[in-house]
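There are two complexes below, and they share chain A, which is joined by chain B in the first and by chain C in the second.
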Partner chain A sequence: MFFYVIRRLIYAVPIALGVTLISFLLVYLAPGDPLNAIAPSDAPAETIAALKVAYGLDKPLPMQYGLWLLRAVQGDLGVSIASGRPVAAEVLAAVSNTLVLAGIAGAIGVFFGCLLGALAGYWHGSGIDRIATFLSVIGVSVPHYWLGMVLTIIFSTWLAWFPAMGAGPGGSAEWLWDYAHMRHLVLPALTLCVIPLGIITRTVRALVADMLDQEFVIALRARGLSNITIFKHVAKNTAPTVLAVSGLQLGYLMGGSILVETVFAWPGTGFLLNTAIFQRDIPVLQGTILILCMFFVALNLIVDIIQPLIDPRMVRA
Partner chain B sequence: MFNARSPLIKSLVALPLFFALSHGAQAETVARYGISMTDIPLTTGQPDRGAGGYQFSGHTIYDPLVEWEMNIDSRPGKLIPGLALSWKEDPKDNKKWIFTLRHGVTFHDGSEFNANSVIWNLEKVLNDKSPQFDAKQSAQVRPRIPSIASFRKIDDYTIEITTKEVDSLFPYQLPYFLISSPTQWEKLGKDWNKFASEPSGTGPFRLEKYVPRERAELVKNASYWDKNRIPKTDRVILMPIPDALTRANALMNGQVDMIEAPAPDVLPQLKAGGFKIITNITPHVWPYHFSTQPGSPWADIRVRKAANLAVDREGIVKLLNGLAKPAEGQLDASSPWFGKPSFKPTYDLAAAKALMAQAGYSKAKPFTTKIIVSTTGSGQMLSLPMNEYVQQSLAEIGINIQFEVVEQENLYLHWRSGSKADMNAGKGITAVNVAYVTADPYVGIVRFIDSRAIAPNGVNWGGYNNPKVDGMIDKIRMTFDQKTQDALLANLHEIMVDDALCLWVVHDVNPHALSPKVKGYTQAQHWFQDLTTIKM
Partner chain C sequence: MSSSAHISGRSYWSVVFHQLKHEPVALCSALVLLIIFFAAIFAPLLAPADPYATSMIHRLQAVGTTDHLLGTDELGRDMLSRLMFGGRLSLLMGVAPVFMAFVIGTSIGLFAGYVGGKINMMIMRMLDVFYAFPSVLLAVAISGALGPGMMNSLFALTLVFIPQLVRVAESVTTQVRKLDYIEAARMSGAGSFSIIRVHVLGNVLGPVFVYATGLLSVSMILGSGLSFLGLGVKPPEPEWGLMLNTLRSAIFKEPLIAALPGAMIFVTSIAFNLLADGVRSAMDIKR
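== the complex of A and B ==
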C-alpha cells in the first residue's frame, strides 16, 4: 500500500502539469486579452504595450509558462493581474469557503442519496422506488441556476426564512458555525446537493437491487438471518462503489459551481473562477485550477486508500 | 431620608445611564449597498472598472485636485474646486496651468497634504522610473490624463502642470486623478498591495474593512475638510452582488438597503413592495459606431440616417420597463453641448425607407452586414434583447444585420483596434455596439471624431476624418472662455449628429432601488456619485 500511495503521488505530478498547461493554452486560444482586466476600454496602444512589458505578457508563450511553473514549484503562484493580490491567498480563501459549502452539500447529498437509494433498491419496483427514482432524475436534470433562483424567491423573498446571498452577516472572513452564519448556507447547499443526491440515489438503488438478487443474499436468507443482518452484508458490499462515486462527486463540488456561487454571491472557487475567466486573469486561473486539481487527485487517493479497509479484496499493490 | 439603595434612587441613576448607553449603541447608522460589480474596484487610489468604479473606491476614500459636482441631481454638474482651491492657465504660455492647493487638509493617516503629495502622485502614475510607480494605477488613469507633458512644484501649496498642446479642456481630465498618501505608502513598506487593504486618502470616507469580492466597509471621516460633504451615514458597506436578480432579492429580504441596476423585470415587484426606484439623466449612450471606411455600407450618409430613423426608441424603453431614455444624439438634449442639430434621429419609417431607396436599397433589395456586440457587460444594458430589437427594426428598411457576439472584454479589443483592423474588416464587421460614458467633452465627443484619434491612437473607431472638425477641436482647445467653449462644443455635436456618425438608440438612466429606510440619496447626472448623500 505504501508504494501504491507513493506511486499515485508521483502520477499526480504529470497530471498537474498537463492540467495547468492546457488551462494556460486555453486562455490564449480564447478570444480576448488579459490586459482588458486592467486597462480602460479606450486605452491607447502605448498604454497596452507598457502593460504587456510590466506583466511579462510580451514574452513568448513557452517562456511565460516556464516562468510561472518555476515560481509555482517554489510555492509562489504569483499575483492576480486584475486585483494585484497574491494568488495563493485568493485561492486559499476561496477554497476554504467552497469547502464549507461543498462539505455540507456533499454530506446532504451522500446521506439522503444513500437513504433514498437503499429504500428504492430494497423495495425495488414499489411506490417508494418510483418516488426515489423521480427525485433522482429531477436532481440530475434540473438546472442549478434555475433551482437556486426559485429557492431564493420562495424561501428568501416570500417567506424571509433564509438570506438571499453572502457568506454570513460579516462576510466569509468572520465565518462562525453558529445559526446566524449557517442560515446563509441553507439555500446554496440545498441547491448544490441535488446533483450528488440524484447520482448517489441512482447508484445505490442499482447496487442494492442487484445485490439483493445475488446468491449469497439468498443463502443468507435461507440460513434465517434477519433483514437487518442481511442489509449490513449488502451495505458492506455496496460501500466501496458508493464511496468511489461519492469521492468523485465531492471532487466536482470542490471545483465550485460557478452558477450556484454566482447566484448566491458565495465567495468560493466557482465565483473566483468566473471572475478570472471573464477577466482572462491567467495567474488566478492557473493557481485555482492547480489547487483544485490537487484536491481532486487527493480525494481519489483517499478513496482508493479507504476502499480496501472496507473490502479487503480490493487491496492495492 | 436619603437612601441610595431605594428603588426610586436606583431608577433615577439607572435611567440616564440606560439612555446614554442605548443611544450610544444605536448611534451608528449603516447603509448596506449591493453593487453590480464582481469585486470592489481597486482601493489604492485609481479605481479600475471604468467611471462607475470611482463612486465606490475613488471619490469616497480620495479626492482629486478638481472635482465634479456630484451632490446635485436637478442639472448636470460642473467642475468645482477639490484639493486645488483654484486653477488658471498662464496667460503668457497657455500650455502652463497653475494650481493653488488647499491648506489644512490631512490624509487619513494624519500626514499633511501639500504640493509634494501632488507631485509624488503624478510621478506614481506618469513616471515609470519613480519608486512609487504603480503600473496598475498608471494604466487606469494615464488614458484619462493624456494632456500632461510635465509638472513641477512652485511652492508648498502651488504646482504647475504643462500640457503637451494648448488644451482648455484639460481641467475635465482631473476628476479622474486621485491623490493617495505618500506617508502611508512608506509606512506600509512601499507595498501597493498592502496599501490596498489599508489605504489612506483625504476623502470623506476611510476604508475600515476590506474583504475582496465580498465587502468594503467605509466609515465616516468626521474631520473631512469639506463640511458640506461629511457623510450623512456613519458606515457604508459595499457588497458586490453581480447577479441582478440576487441583488433585488437581497434588497427585498433586507440584506441590503440599496442596490444599483435592478433588473427591469423586477421593477413592478420592487415598487409594490414599497421600494423607491431612483433614476436620472445620465451621461451615457448605447450606440452603434459605424465604419465610414470605403466599402462599408455605412459610408453612405443616407444609409446612416435611415438607420437612425428606423428604430422605435420608445419601444426599446418599454422593453426596459422604462429604465432608459430615447437618444436624440450622442448627448442628452439637456447637455450644454447638445446644440441644435438639424437632423432629428426620431422614428420615421417612411423617411427611412425613402432614404434607403435613394441609396439603392429596400426591404426587397436589402444589404447584409455584420455588427459586433457583446453578450452583456458594464454599460451594455440588456445587450442581446436590445440588439435583436434593432435588428428587426433595420430589417424593415432593407438592412439585414448579422451579429458577431463576443464577451465585453473581447469587444473592447475590437473597439480599440479600429474598423480597418483585420479582426474587424477581415471578418466583415462594419459597426460596433459599445456603450460608454459621455460625461465630459473629450470622452463624450472629441475622442470619436478627431482624426488624430483614429484607432489605434484612440477610439475614433470608424475612421471619421473631417479637417473642418479637426480645426474646430483645435479651436476649442485654445478657447478658455467657458461660454464660447460650450458653444463651440455644441457646434461639434451638431456636426456629429448631422453626419449621423452613429446609430444612437438610448441613454441609460442609472437606476437604483432603495429601501424605505434610506431617507436621502442624491443621484447626480453622472456615473460619479456622492455616497456622502446617503442618509438612513
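== the complex of A and C ==
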C-alpha cells in the first residue's frame, strides 16, 4: 500500500507540471504581446522596456516559465490587472464559493444517482428502470445553463420560492451556512446536480445489473442470505468504480459550474473567469485555471488513494 | 443469431444499418435530427422573415402572434426565423469540432498505437495532462485566452475532444497490432502504411466512431455554452446559445420565448444522445 501511494504521487507530479505549463502558456495564446495586457497601448517606449524587465519578459521562455512556477509555488500568482489585488487572494475567495456549490450539487447528484441507479439495476427492465434511464438521458443531454433559466422562471418568477441571483441576501459574496444563504443555494445546486446525476445513475445501473448476474451473488442467494446482506456485498464491489466516477464528476462540476454561476450570478470561479475574460485580465484567468486544475489533480489523486482502501485488489493492478 | 445466415453476405456497416432500423428510439431521434438539420440548412428558403430585421414596436411579442408564429425577441426579430437560422451555427458547433477531432485524434491514436514503445508512451503521457482539465474549463480557458469569436471556440472544442479520441483509437490499435493476422501481413511484405490502412483502420474506426457520436451532444452543449458566455458567436448573428444569453433579460416578461433557444439545444442534444445509444448497441454485433 505504501509503495502504491508513492507510485501514485510520483505519477501525479508530471501531470501537475504539465498543467502549470499549459496555464503558463495561456498568456502566449492570447493575441498580441503579453505586455499589451499590462501596459496601455500608448505607453512610452521606456515604460514598456522597464515593464518588460520587471515582469521578466526579456528573458527566454523556459526561464520565464521557471520563474513563474517558482513564484506560483510560493503562492504568488501575480497581480490582477483590473483590480490591482493579488490574484491568489481573489481566486481563493471565489474557489471557496465554487466548492460550496459544486460540493453540495455533487453530494445530491451522487446520492440520488446511486439510489436511482441501484433501484434501476436491481429491477432491471422494470418501470423504475425505464424512468431512471430516461432521467439519466435527460441529465446528460440538458444544457444546464438553460435548465438554470427554466428553474429561475418556475421557482423564482412564478412561484417566488427561491431567490434567483447571488449567494446571499443583499448580494453578499461571503458564504455563511445560515437559512438566508442556503435559500440562495437551492436553485444553482439543483441545476448543477443534474450533470453527475445522469452519469452516476447510468454507471451504477450498469454495475449493479452486471454484478447481480455474477456467480458469487447466485452463491450468496443459494446459501439463503437475505437481500440486505446480498446488497452489502454488491455495494462493496461497486463502490470503487462509483467512487472513481464520482470523483471525476466532482472535478467536472468545478469546471462546469462556470456556466451555472453565470446564470445565477454566483460569486465563484465561473463569475471570476467570466469577468477576467472580458476585462482581458489574463493573470486572473491564468490563476483561476491553474488553481481549479490543481484541485482536479488532487481530487483524482485522493480517489486513487482511497480506492484500494475499499478494494485491496487494486494495489496489485 | 438466426438471421446471421441471410446477412452474412453483407458488409459490417450494412449489418449495423440493418440493426439500426429495428431500434424505434434511434429512428425517431434520427427523424428529429433530420427535421432540425433540414430546417437549418434550408433556412434561407423556409424562414418566414429576415432573422436580422429588428422592429422596435414589435419587441417581445408572445408566441402565437399573427405574423410571428413563435413571437419576437428583445429587438423585435422574428423568433421562428432566428431559431431556424440559429440552427446553422449551433449544429456546426456540434458537428465540426467532433469531426475535426475524429480525423486528427484517430490519426494520432493510430500512429501512437502502431509505433508503440517509448514514442507511444510519450504521446499518451502528454495527452494525460489534458485529462487534468475538466472539459468545460479547458474550452473556456482556451477560447477565453484567444478572445471571443466563433473560430476560436471551434478550435478550443476540437482541442478538448482530441485527447479523448486519441485514447480510444490508441487502445484499439494497440490491441489489434498484436494479433496474428497483422504479423502475417507484415511477413508477406506489406508496408506499415498499407497495414494500417487495410488491416488496422477498419477495426479502429468503429469504436472511435461510436465514441465520437456520443460527443456530438457534448460539443453542441459546450459550443452553445461558449456563445452563452459571450465567447463564441458574436451578435447579431443568430445562434441558440447566444440567443439564450441575450434573451435572459426577457425571462420576466416573456419566459416562454426566453426559454425557446435552450429548448432547441435540449431537443437536439437528446436526439444526438439517443441516436448515439442506438448506434452503439447496433454496432455491438456480438449480442
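The rule we apply is simple: the second predicted complex is superposed on the first by the 244 of 317 C-alpha atoms of A that agree within 3 Å, B and C clash if a C-alpha of one lies under 4 Å from a C-alpha of the other, contacts with A are read in each partner's own complex, and residues count from 1 in each chain.
We take it that contacts are C-beta pairs under 8 Å (C-beta built on N, C-alpha and C of every residue); 3 or more make two chains touch, one makes a residue touch a chain.
Computed from a prediction, not measured in an experiment: that's the story for all the values here.
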Which superposed partner A:N227 touches (first chain B, second chain C, both, neither): neither
Partner chain(s) touched by A:P143 [first = chain B, second = chain C, both, neither]: second
Which of chain B and chain C A:R85 touches, first, second, both or neither: first
First, second, both or neither for A:T152, with chain B first and chain C second: both
Contacts of A:T262 with chain B and chain C, given as first, second, both or neither: both
Partner chain(s) touched by A:Q74 [first = chain B, second = chain C, both, neither]: neither
Partner chain(s) touched by A:M254 [first = chain B, second = chain C, both, neither]: second
Contacts of A:F278 with chain B and chain C, given as first, second, both or neither: both
Intersection of the chain A residues that touch chain B with those that touch chain C: 31, 149, 152-153, 157, 262-263, 274, 278, 280
Complex contacts: residues of chain B adjacent to chain A: 38-39, 42, 44, 48, 50, 128, 135-136, 138-140, 142-144, 146, 192-193, 196, 211-215, 239-243, 245-246, 249-250, 252-255, 406-407, 409-410, 412-413, 415-416, 434, 436, 443, 447, 456-459
Chain A to chain C touching residues, read off their complex: 14-16, 18-19, 21-23, 26-27, 29-31, 137-138, 140-147, 149-150, 152-153, 157-158, 251-252, 254-256, 258-259, 262-263, 273-274, 276-278, 280, 282, 285, 289, 292-293, 296-297, 300
Interface residues, chain A side, partner chain B - complex: 31-33, 35-45, 47-48, 50-51, 54-55, 79, 82-86, 90, 93, 149, 152-153, 156-157, 160, 163-167, 171-173, 262-265, 267, 271-272, 274-275, 278-280
Chain C to chain A touching residues, read off their complex: 125-126, 128-130, 132-138, 140-142, 144-147, 217, 221, 224-225, 228-231, 241, 244, 248, 251-252, 255, 258-259, 261-263, 265-266, 269-270, 272-274, 277
